[in-house]
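The data blocks that follow each hold one structure.
First chain A sits with chain B, and in the next complex the same chain sits with chain C.
After this line comes the complex of A and B, so read on.
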């Protein structure tokens, strides 16, 4: 596996584990104490910040070339796919909110940053999946 | 200038004019000049006219090859620049209401679709700027 693949795999693992933790904790608190207390566990989503460590954990190697035109093309394609999916998701979310809450007329301001957080997760997830898919899910084509 | 550059330039000009007009209208409304809400459609129409002008005035050339690998690469980079700009725009418009109105405030639900229109213009503007920058703002051998 090359650096790009390792970073993609790391991102997917972190997203899966943090999602699991957040859903479990919020679900358990909601079950035993109710919605108000469960909402206070949502800041646990800050654990997604661990995604930022991928650049530190998988540093570029000094010397030898470990990133050529093919890797650049894969990264570029993955980013384009990720942002395209983000666009679709954001349009769908905006129109759904408008359709559902149209009669009420207003929406709380804190829903917008939640949309950004989910959008960011979608970008990272789709980009990582696209990177791994283009390399063939294993180490066969992305050897260092 | 090739076709892509002409379209990009048209979009940059029309969206810039629309943006300036929009800002003027917002400032005038803040000072209670008495501007009807419908007037806000005017900058949107002007900004959107760039797309109509592009479709009607700059048609594809027949015959000769007018689109090579370099143009393809420029287009891909421009798309990514557009996506990046939209992502920044989404972050900005999501956190701005909290900063201005406070955490417990509400915004009209119609803002959600309106933000999408803004995102569309943001994408077109950033993409056009990126195309013009990559071609060098002028005509350096790119003929239509």
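After this line comes the complex of A and C, so read on.
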């Protein structure tokens, strides 16, 4: 596996684990204490900040080539796919809110950061999956 | 990215040039070994500059390394 694949895999693992923790904790608190208390646990989503460590954990090799034109192309394609999916999801979410609440409806102020967070997660998830898919899921073509 | 029309003789040329390894070729042309594997397998069509660098490494014209079939 090269650096890009390791970073993609790390991102997917962090997203899966943090998502599981947040859903479990928020779900349990909601079940036992109610919606208001469950909302207090949402800042746990700050654990997604661990995604930012991928650049530190998987440093560039000194000397030698570890990122070439093919890697660049794969990254570019994956990013394009990720932002396309994000755009469709963003428009769909915005239109859904509009359709449900109608013109006079209001959106709670804490919904916007959650939408931005979900948007970011969509970008990172789709990009990581697209990267791994293009390398052949670390198969014959993906071996270093 | 995959290119079924583009075939290549890189594997044969590597063996004719002192059994050069994929890593050695990759180091000479400035790419990763993964990219050489993908090119040899026909899963990636290299850029023109990279194709020329590969041909020059083997001291042959580019047509002897890559063949394009019109389908």
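Brief remarks on what is shown
FYI, the second predicted complex is superposed on the first by the 138 of 144 C-alpha atoms of A that agree within 3 Å, B and C clash if a C-alpha of one lies under 4 Å from a C-alpha of the other, contacts with A are read in each partner's own complex, and residues count from 1 in each chain.
Heads up, the rule we're going with is that contacts are C-beta pairs under 8 Å (C-beta built on N, C-alpha and C of every residue); 3 or more make two chains touch, one makes a residue touch a chain.
A quick note: this is a predicted structure, and the numbers were derived from the prediction, not measured.
Applying the stated contact rule after C-alpha superposition, one finds that A:2 touches chain C and leaves chain B untouched. In the superposition on chain A, A:105 makes contact with chain B only, while chain C stays out of contact range.
Look at A:116: by the touch rule set out above, it reaches chain B but stays clear of chain C.
When both complexes are overlaid on chain A, the residue A:69 reaches chain C alone and has no touch with chain B. Residue contacts after overlaying the shared chain place A:134 against chain C, while chain B stays out of touching range. Chain A is touched at more residues by one of its partners, and among chain B and chain C that partner is B. Look at A:91: by the touch rule set out above, it reaches chain B but stays clear of chain C. In the superposed pair of complexes, A:79 makes contact with chain B only, with no contact to chain C.
When the shared chain is aligned, no partner comes close enough to touch A:20: not chain B, not chain C. Within the complex formed with chain C, the chain A residues making contact are 2, 64-71, 73-74, 77, 134-136, 140-144. For chain A in complex with chain B, the touching residues are 76, 79-80, 83-84, 86-87, 90-91, 94-95, 97-98, 101-102, 104-110, 112-113, 115-116, 119, 123.
Those residues of chain C that touch chain A in the complex are listed here as 1, 26-27, 30-35, 37-38, 41, 43-44, 46-47, 50. Those residues of chain B that touch chain A in the shared complex are 76, 79-80, 83-84, 86-87, 90-91, 93-95, 97-98, 101-113, 115-116, 119.
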